[in-house]
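Some structures are shown below for you to check.
Look for subunit A in each of the two complexes below; its partner is subunit B in the first and subunit C in the second.
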Partner chain A sequence: MDFINPQVVDLSRLQFALTALYHFMFVPLTLGLTFMLAAMETVYVVTGRKIYRDMAQFWGKLFGINFAIGVATGLTMEFEFGTNWSMYSHFFGDMFGTPLAIEGLMAFFMESTFVGLMFFGWDRLSKPGHLAITYLVALGSNLSALWILIANAGMNVPEGAHFDADTMRMQFDSFVHVVFSQDAQAKFVHTSVAGYVAASMFVMGISAFYLLRGQHRELAARSFRMAALFGIISSVAVITLGDVLGRMDYEKQPTKIAAIEGLWHTTKPPYEPWILAALPDDEKQVNHFEINIPYVLTPLITHSFNQPVIGMYELEEQAGPRIRSGIIALTALRRYGETHDKADLNLFNAHQDDMGFGFLATRHAPNQDVTNIPADQLDAVVKQTQPDILPNVFVTFWSFRFMVFLGGYFFAIFAVAALLSLKNRLEANPWLLKATMWSIPLPILATEFGWITAEAGRQPWTVFNKLPTFLSASGHSTGYMVFSLAGFALLYSVFIAAELYLMFRFARLGPEEHGTHHDETDALLSHFHGSHA
Partner chain B sequence: METYALLKLIWTGILGVLFIGLGTMVGMDMGVGTLLRFVGRNDGERRTALNIIGPHWDGNQVWFILGGGAIFAAFPTLYGTSFSVFYVVMILLLFSMILRPVAFEYRSKADSRHWRASWDVTFLISGFVPMFVYGAAFGNILEGVGYHFTWTGQYVQDESFLSYLINPFAILCGLMSVALSVQQGGAMLMLRSENPIYGRARAYGSLGGFVAAALFVIGGFWIAHVPGFVLTSLSDPAMPANPLHGQTAAIRPGAWLGNYYAHPVLWLLPVLGTVCMVGEALLLRANRPALGWWLGVGAWAGTITTVGAAMFPFLMPSTTAPDQSITVWNGTGSLYGLSCMLVVAVIFVPIILSYTSWCYHVMRGRVRVQDVMNDSHSY
Partner chain C sequence: MTLIATEELRSMKIFRLAGLALALVVALLFAVFVGDQGPWYFAWVIGTVMIVLISGAGAVLLDAQEDGVANTEKLS
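Moving on to the complex of A and B:
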């Protein structure tokens, strides 16, 4: 048998992470901007005021620059499971492929077909007709996120599928479980609303730039206000759903929640502190220093005052028997594949819940074969496998904290911005305008940290507790991986350079204004310019 | 026939329809991309050519994405194995594909001549390379691929990719696919442009049709001498989908024509393909691009079904472990998964086809150079 090359697995993971993170720099803006464009256009259609059409067209142009890369890098994602994760695709594709295919049929087709009309159809459609198209684009992009996150939830909480010994893979068995998985629903709202936060900050930041320079003041002030209100609602929703997701991890992914919170040992409620900052050491399995907030952890995670959160040390201990049982399962499964003997199948069925833990032992088994471990080496193999059940604690712990700290900051800045905007006091507070301008990249950064928290915390599995990551990868050579990684790095760098160049160019150029009425602008803004007040 | 076996057949049919849709719709845009520098001699003309497909390329491209998604869901083992054994080629395909959306959106947003000239070259690459790879992959699969499976279901590659890439039959298939796309792109340009773009598109489009027909016929004679595969035993068409058990297969010279000798009616498929290719070329010459475009759909349908009929039931034969070849019977998803996806497809495909046609209807009419140059929304 071919041995697993850890270097190739690492390079495959690196490539997937880089391409996914890169793709996810552009998606959040698309998710939120489409709805903001629809809102602006709605006001235009209802009131007939041209300024809102200018707004929709101007932000629509920036949307287009962003959208192109989102589409391009999304292509990579759809094919990368097949090109780099063959075993994963074989093992989980029957279930995982379904939401991806539905995403294409239901959402992406709609979004992509109508986006052409949205850009090109201004003069060919009636006002309500074009508005309907814009809403369909917004609906399409958000439905697209829904199906992708349903698929992602399947990796984290594999429900709606069972392992089948005859086909050697997880077989899809419940559409309802997959679609209405609580994890999927919470993830969808959390992630799409995080996109609205990103779009709000983007619109606010660029509007702030105009206000600071005294350009396009009416368009900027109206856009700013709309974005601030959209942003404050969205940031509250992000935080609420984030809390729901934490609770979900506590129930379904104990290793992830323990790593997120840096809990090496099971908590003793109710006095347990929440760790604000620490230096988790994955080797020695301790936190080197901790800044704690007393009493907070138990209610935060468990939504109760008396339930413990299991620590990583205890989780490792509990994994021992499961690894043993998983090795029995795989040995029986392999024999069943050769003999089709019912006795082997029954033995497998008795242990099949632990099968994934048996796979996990592959790396430490002699000749990487878990089905032929000599009895005298079994204990050693199990012992060596136990620590493998934990994700990288340092990465999970800190990416979570960066995300949370940024989330708190967004809530604060949106609250202040909404307040000052409603009171027409924006231009009197240039510090806020500057802060929002410089904050444009931060929500995107926060969503990236969110992805890292969720997916680094899922490790060592691609299908949680079922299939380890190191077995999921295609058996390419290092040379292939270097070739593809170098190509992606080169192309994606060119893309980001071109996109930033155009973004800055068009943001500086500003909107083409047709409908500005200076009296209105003054009413909206000039509170603090004595001459107008 | 058992439901599961029937579903496997239905999904094989749907896969064929997706390949035809991909060839027609994505191929058309790729053809325009390949032709861009030849039908447009100055910036205004090139922008006009781009804006003819401008409102539609993004929607069309979903055929490609959907092709990936549908293979993932309905043929998971085929998806994981084929994309991995063709790794370098697939990655080249992706690189060229992902350049295109960016090229559309960015090309005309800055005025520098170098900027625009670079994106024009990008259109050539991202039109030619994907269509070439698309055809060449079919050629490679017809010749068989060296791989086998371990007991866990992981594939192991037995041959280096270079032997797939550099091979005359695959190159012939790749060029044929490019020729078809040029023909379809030419037809679309003719539908919506005026002279001089119209005249050039007519010349290149009809040339594409004749070249495609010639290569198709040569490929047909060639395939008679390529070693083909034949299924020597099958336990049950409704068996659990697992490439490790349930079938045996053999390699025999000329075996790809076996289905044609067994069912002579199948010969109509290559005839349909050839007639459509030549017919479209003649119609373009006769200034009937609309009818020509629809014959282009027939050309793709004829090509894909010809290959499908030759290979059935093989999807990706293995040269090193023929028994483990991925076939219609051992490569699909589960009964539940296939049923589920069928319901979804039956609901959404008609909806997609109707709104796509509506979009073409809204954007109908000729695109003029001066309109493009004066419209701030255009590419």
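Moving on to the complex of A and C:
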């Protein structure tokens, strides 16, 4: 078997990580701001107070800038699966392609159509009609995210599909099972409400800027109040769903949860500390120092006081029989490909669940061929493959902690902000206004850390326990990958710069006087919508 | 003439009621199905509606607080 150059695999990973991280700077704000706009417009329709229409229009313009650039950065990613991950696309295309195609339809037809109506329909639609459109924009953008997360959940917990020995790829057993998988549900809600948190901080921060400068008080105080309440409930929801996801990882992705918690050895409940901070050493497989909180880990992860969490040493040991079984599966599959003998197919099916572990062993097999390993070398191949089942512990451990620490901070700041806003004491506490203003980028950062935790923790697989990452990439040249990576980095940096420039510009410009419009803003939005459509 | 108009009004009311009843049945079926098959999806729908409403209520409360202050100032 000829391997794809490891450098090309690393560059493909870097390119995908870069484009995904860039894209995800825009997504959370879109997910959350749409529902905040809907909330503002709901108050406008119910109370008839014009200030809420102004609020919806002002924040809607900032949303429009973010939405347009967000769509532009997302476009390339859909093609990247085919160009840079062709082996993965062949192997998992049925499972992954379907939700991705539905997402494309959602984003381009439902979301974009209604976005146009939302921006340009203020004076053309009835009040309830326009409100319905705004809700449909919110629903459309969140449903787009839903299909992406269903696809992603399939990579992390590939249920509802099986490998077909005749077509040599994963095929659907049940679409409903894929859509309603527990992992997909929890991932979607966690990500969606993380977007609500990002949008709340964004609205709160810019409102704080106006309150500190004594500008646009009527709009800023109302926006701040709504965002603070939006944020406090959302941050509780994010924490709750984070806990649900942790519990699911414990059941379905034990290597990820062990890496997240820096657990090299299986725990002994009930006493087992939660590691607050440590320096995990992937080479020596130890933590160099630890700051612990006793008794917290077992109930936190297992939701019980008596179940252990399996450590990484033990997971490596447990992988041994699965690697042997995977080698049998691949040997039977190869024979079946040549003979089409039912006995080979039956043998393959009996070991199919471990096939991915057989793929993992190919790097260590003589001539990279697991189907012809001499009996005296089998033990050595299995032994060499065992450590490969673990993700990068340092990265997974710390990205998770940064996300969690930031999540705790958001809860605290939203709680204080909501309380002071309800007491109408915001201006008396400028420290809070300054803190919220400087906290605007932090929820975006937290979602990036969350994505790194989920995806770095899934390694060494693209499809968990089924297909290793080093077998998933396309066979490009290194030069091609370096060139395209540099191109993406440059292009996306321009997008970020444009977004920041426009956001700062329009935030500083502030809301219009009641009932008037900035021609410049309308022209810009018209241009974005035109170019997107 | 008036009798026909009243009849039309009555049948419109019946249609509207039937429509609302149908919407209610669909909503209940949706809640039962999604609540059973997709509890977190259901929680997201309910939770988002709740977040939007509470956030909106906060803004209306601010209006009431400011109106109250303005009224007090006027009276004094």
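The rule we apply is simple: the second predicted complex is superposed on the first by the 508 of 533 C-alpha atoms of A that agree within 3 Å, B and C clash if a C-alpha of one lies under 4 Å from a C-alpha of the other, contacts with A are read in each partner's own complex, and residues count from 1 in each chain.
Criterion: a contact is a pair of C-beta atoms (placed from the backbone, for glycine too) under 8 Å apart; a residue touches a chain by one contact, two chains touch by 3 or more.
Being a predicted model, the structure only gives us computed values, none of them experimental.
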| item | value |
| --- | --- |
| Chain touching more of subunit A, residue-wise (subunit B, subunit C) | B |
| First (subunit B), second (subunit C), both or neither touched by A:Leu315 | neither |
| Which superposed partner A:Leu426 touches (first subunit B, second subunit C, both, neither) | neither |
| Which of subunit B and subunit C A:Asp173 touches, first, second, both or neither | first |
| Touching partner for A:Ala454 - first (subunit B), second (subunit C), both, neither | neither |
| Touched partner set for A:Ile444, first subunit B, second subunit C, both or neither | neither |
| First (subunit B), second (subunit C), both or neither touched by A:Phe188 | second |
| First (subunit B), second (subunit C), both or neither touched by A:Phe79 | first |
| Which superposed partner A:Gly475 touches (first subunit B, second subunit C, both, neither) | first |
| Those residues of subunit A which subunit B touches in one complex and subunit C touches in the other | none |
| Touching residues on subunit B, where the partner in the complex is subunit A | 51, 54-59, 61-62, 64-66, 68-74, 76-77, 79-84, 87-88, 90-91, 94-95, 97-102, 104-106, 109-110, 150-157, 240-242, 244-245, 333-334, 336-337, 340-341, 344-345, 348-349, 352, 355-356, 359, 362-363, 376-378 |
| Touching residues on subunit C, where the partner in the complex is subunit A | 37-41, 43-44, 47-48, 50-63, 65 |
| Residues of subunit A that touch subunit B when the two form their complex | 1-2, 57, 64-65, 67-69, 71-76, 78-79, 81-98, 100-106, 108-110, 112-117, 119-122, 124-125, 164, 166-169, 171-173, 175, 334, 337, 471, 474-476, 480, 483-484, 487-488, 491, 495, 498-499, 501-502, 505-506, 512 |
| Footprint of subunit C on subunit A - complex, ascending | 35-36, 38-40, 42-43, 46-47, 49, 52, 176, 180, 182, 185-186, 188-189, 192-193, 196, 221-222, 225-230, 233-234, 237, 241, 244, 418, 421-422, 424 |
